[in-house]
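In the two complexes below, chain A is the common chain; its partner is chain B in one and chain C in the other.
Then we have the complex of A and B:
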């Protein structure tokens, strides 16, 4: 895939929902945002990290904040330019391309739109290979790369910079400043070059979204068999078909958390979520956990759903899919395994197998 | 070994956990509990013995946690009898509750939990369920060491001992004290005959959704039950836990019987004292001794002034009514109507009098008669089948006036008895002609002659229909139509009966003397006379 033209937007955004694992934002907004940018500035060129000069500076971009707030106050041109200016001023050189930090319907669309506005190409890559709730949960950091400097540009023009600090601490600080910035900010982190990206081996993210999105479009809802094209494309499997029996939500600690109770023919199933779906279990047996992807598809339309949008009585398919293998290493699981989210359960992969690495002595 | 065991439902019913909620797995509340343990991790659940109840503190496991689902599954497979854990402000997911239902594993949510405390509280009852009974029995023995002061004290104490609602009902299934809902629950379940029958014994009756234990209160161990104690039994009151409740209630019943008996003795003694005093006053009306006056004054009796005496009698009483208690009831009812008096028990019933400063105040007996009438009616309404009547004497002055008015009241009550109305009250002055009759009715030999006169009718018709028809016919000035209307029969029926009466009677109804004698006899004949002699 060489560029993102208007015709490709539907597939890319639809496919990105799969990497949202039940979170990542409502796809309609991302689609509108990106379509507007492409119409105004033309198609966004996609480049592979290896095709740029190894020491070329790239601009990692992520939309920080609540997706519903983004719906009210989308990022403007000025924020993209302010972010670029801040990053370039600190590095003392120009950015060669935009780098998406994570995959998700909003966070694929926003970096592409930013690239369009800035007239930069976008790397066909990302740093998480899925949506995760914190900017420090990246494969880049897993490989030892420091998170700071972090730059935030709020919708009011305020600019915040954390030039150093531990990744986890910075994650907390970021969330702390978000309300002051208006809950919406364009963010960048990691001083990273095209060469570092190439070494990390995270190419093909946007293309994957497009491919999976096209497969999702080919799904014929009505039967589980109709999902074969999608399951083939994402390598996942359908765990069960269920009716939504209850949705308990609470956000006492600032994170949208909750439990979905699903009525399945084999008994009640449960999805524990914090932004994203983290664990699916049935009758006290864990079926799949983070870091693998857990999605819910509307049985009527075949489209993937945001967990917080579920309605009682809605019929859904529960689909689990694999994620980058590096997340399944002990270090990866320490960062984004179920225990990292406060669940005292061992990780289970989308296909029901355990993580051997996790079962050993820790 | 088939040792007695408790289940979690019973343990919860003991009230050892202050605020708890059964979140799921209710079907398992009847599983026997072998041991209660503190839980540390969910993975050790599989190693616990079947029949265990595991208690988790807030730090170990909370109810909305995913790990709770795993704990329920493990506990279900290991045959545990329940999980007790801390509630959080967050909702317990439906899936968790349904999972507990599926395994019939009771899931109990508690607000504030110290697992070791819960284990310590439950442990004795699990190891030796009889202990739960001993606690109840010990408590009952302590509380009912002294008889309760009244019915309310009984019901509240017993309810506190058992932790269950308690009501006290009388032998006619009327609510007396305690929790009205328990009484309502009983409905018509035990009939008045069952409660009032001989040889009362404790029974358990099924009333709606609950079992109700009924324990008789007997003052005389061989006699009837004067009251019944009704206790709604908790669902857990079965097996080893039921017997102690039965015994505790029996202790309470015994203790209350002592109170009732003591009360009766006190009332009896009081009545006796009043009765003796009145006799003294009546015997020496002109010169009551100083001591007599003092005692009368102490009782609130006034010897000076204008006295109007009232005599009350029982015309008919069903066996269940305790006559000794009626005096007090009458006093209460009169007091409610502004007539504050002390009733004095006499051989023919009760006497009391009201006193006015001046003759004019005492002259009009209307208001008093009315009050006595409604008071009698109120007491009758309390005891189905009971018939009371009263006579009111004229107003007379001074100490001697008490006796004079009382004599008139006694004559008036004879009149009242002949009227056969409920709560009949007659005043001696109301119709002077009645005084004539009162004298006649008061004569036993004349009443004997009257009975002889009507004997053929009684023999021919023991039901009394003929005598009633005769009386009514004569009361209606020999009008068959009017008598028929009163009796609710056709005039031809009255005529037929009168033909029969005429044939049977040894008297000629066309003769004015005979007719008067027959009329008097007919009015006097059915009354149960109690001669002072």
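Then we have the complex of A and C:
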């Protein structure tokens, strides 16, 4: 894929929802935001990391904030320029391209819209290969790259920088300033070059979203068999069809913990979720866990859902899909496995197999 | 002094299927008119009154009107669109995702400084001169204004102030639709709703005035309501300003009316006609939350859409698909009865193990649904829970829903409420939550008003 034109937006944003694993925001806003940018500035060129000069600085971009808050107060046009100026001033040189930090409906649309506005190409890549709730949960950090400096720009001109510190602490600090910024900010982190991205091997993210989104658009809802195009495209599998019986969330010191109870023909199933779906189990057997993707599709429309928006009685398909293998290494699971989210459960892959690397004492 | 009447009639008009009924206070059908599909609602109403000479006093007329669409360009109003909230949200300007053809219905479009944060504090001061300047550029060029503020449900102050500034400039003849008049999460959702309502305001006035004239002739003291998309009532004065709110009334009214005809409080309802079958659910006077938002002419609005499955008769496996839709609508609620109405009701077989109810006057379902429609009020917004904790905000949400139901005409002594649905903030762990709750109840009986001797 060489550029993102208006005709490609629907597929890209729809496909990005798959990588949200039940979170990452509802796709309507992202679609509108990207459409506005492409109509104003034209198609966004996509580039591979290897095609840029290895020492070229890239601009990682992520929309930091609560999806509900973003629905009320979307980003302002000045945030993109302010973020770029802050990052370039600190690095002492210009950015050559925008780099999406994660894949999700808002966080694919926002970096592409920022690239359009700044007149930069966007890397066909991202640093997480899915949605994860914290800016430090990236394959780049997994490879040993430091998270800071982190830069946040609020809509009314506030600029926040964390120039050094441990990744997890910075994640906490970042969330601590969000209320003051009105729960919405445009953010960047990682001082990173095109060469580092090329070595990391994260090309093809936006193209993947487009491909999977097109397959989702080709689903014929009404039967599990109708999802074959999508399952082929994402490499996932249909776990079950169910109706939503209950949805509860409990507030905690950190992210709220939620549980969706599902009625399936084979008995009760449950999904534990925080920001994304994390664990799906049935009658006490864990069927799949984070870091693999767990999505819910509306049985009637075939579209993928945000877990917090589920309605009682709604009929859904539960679909699990694979993620980048690096998340399944011991180090990857330490960062984003079920235990990292506070669940005393061994990781289970989308196809029901365990992670051999996780079998030892932990 | 007036003497209290023994019974009062409620008239329901189904302007889509050309049916009208009069129902007494006990819920009995006392008069029926069956017109021909395509008859204007006012004529259907007129014919009912002519059919029932000596009818007891009618205290309310509730009508299902056909959906208005932008395609009715003859009466399409030109709309000025103003958003209060810059510099926030400017990356998605108003009408951003609309097609060029639809955006052409709008007059001047502007974003001015102002708006609030999620907790109600001012995000940027309102740029009053810019609002006035926008109003002046609209003078003579628009028929209505759509005005939407960032976080205006939490704090409507800037929206109200801007509306007043615009009214000062343009006078009382240019209606100003405010986004916060629609209770829905999402700036774009409320904004789009306000733009559509503004664009349809002239067409709505024509439709309602025709009906209202017929009501005045036969029942000058009756209150006029329209049926909303969810089957509850919308006072006619509000209906002028919210044509989108009565979108889908033909099915919303039908679902409640079919249950009423069957004598059950909740049901899966199937309407089977020559061309299609529609399957929906009514639960205790409300259409259950579907998680779906209503799109109008491809534009996302802030209106909640009920879950309705439409199966076309030309589809292969028609009967099987209808039965599958019924099974899905039950969603595990095995006790729910199934009610089948419509001219082809007998062609829908009983789902396995269930004797479907096929009421005799099934073609009157939507008209009956209108006559007995209740009043509802809903809340769906983000509540800041920082001070007072979650319980305070839950109480506040319930009070707001009760207030909205009372404004729609509900009897305060007979209100029922849904449980409060709470969705916590993801990604940024702060004490704020999206709360959704609906209150519903029968309309307040109009009291006899005695004249005061001066």
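For the reader, a short list of remarks on this structure follows.
By definition in this document, the second predicted complex is superposed on the first by the 357 of 362 C-alpha atoms of A that agree within 3 Å, B and C clash if a C-alpha of one lies under 4 Å from a C-alpha of the other, contacts with A are read in each partner's own complex, and residues count from 1 in each chain.
Keep this in mind: a contact is a pair of C-beta atoms (placed from the backbone, for glycine too) under 8 Å apart; a residue touches a chain by one contact, two chains touch by 3 or more.
Here the structure is a predicted model, which means the values were calculated and not measured.
Touch criterion met: A:183 reaches chain C, while chain B stays clear of it. Once chain A of one complex is fitted onto chain A of the other, the partner contacts of A:261 are limited to chain B, with no touch recorded for chain C. Look at A:269: by the touch rule set out above, it reaches chain B but stays clear of chain C. Look at A:315: by the touch rule set out above, it reaches chain C but stays clear of chain B.
Of the two partner chains placed by superposition, only chain B is touched by A:344; chain C is not.
When the two complexes are overlaid on their common chain A, residue A:283 makes contact with chain B while staying clear of chain C.
When the two complexes are overlaid, the chain among chain B and chain C that reaches more residues of chain A is C.
In the superposed model, A:245 lies in contact with both chain B and chain C.
Of the two partner chains, chain C is the only one touched by A:76; chain B is not. Touching of chain A by both chain B and chain C, each in its own complex, is seen for residues 245, 252. If you check the complex, the residues on chain B that touch chain A are 42, 64, 66-67, 69-74, 76, 90-91, 93-96, 98-99, 102. Chain A meets chain C in the complex at residues 23, 28-29, 31-33, 35-37, 39, 64-69, 71-80, 113, 117, 133, 155-157, 175, 178-179, 182-184, 222, 243, 245, 249, 251-256, 258, 263, 274-275, 298-301, 305, 308-315. Considering their complex, residues 85-93, 96-97, 115, 117-119, 123-124, 150-151, 185-189, 281, 288-292, 300, 307, 309, 321, 324, 328, 331-333, 382, 390, 422-432, 434 of chain C touch chain A.
Against chain B, in their complex, chain A makes its touches with residues 245-246, 248, 250, 252, 259, 261-262, 267-270, 272, 279, 281, 283-286, 343-345.
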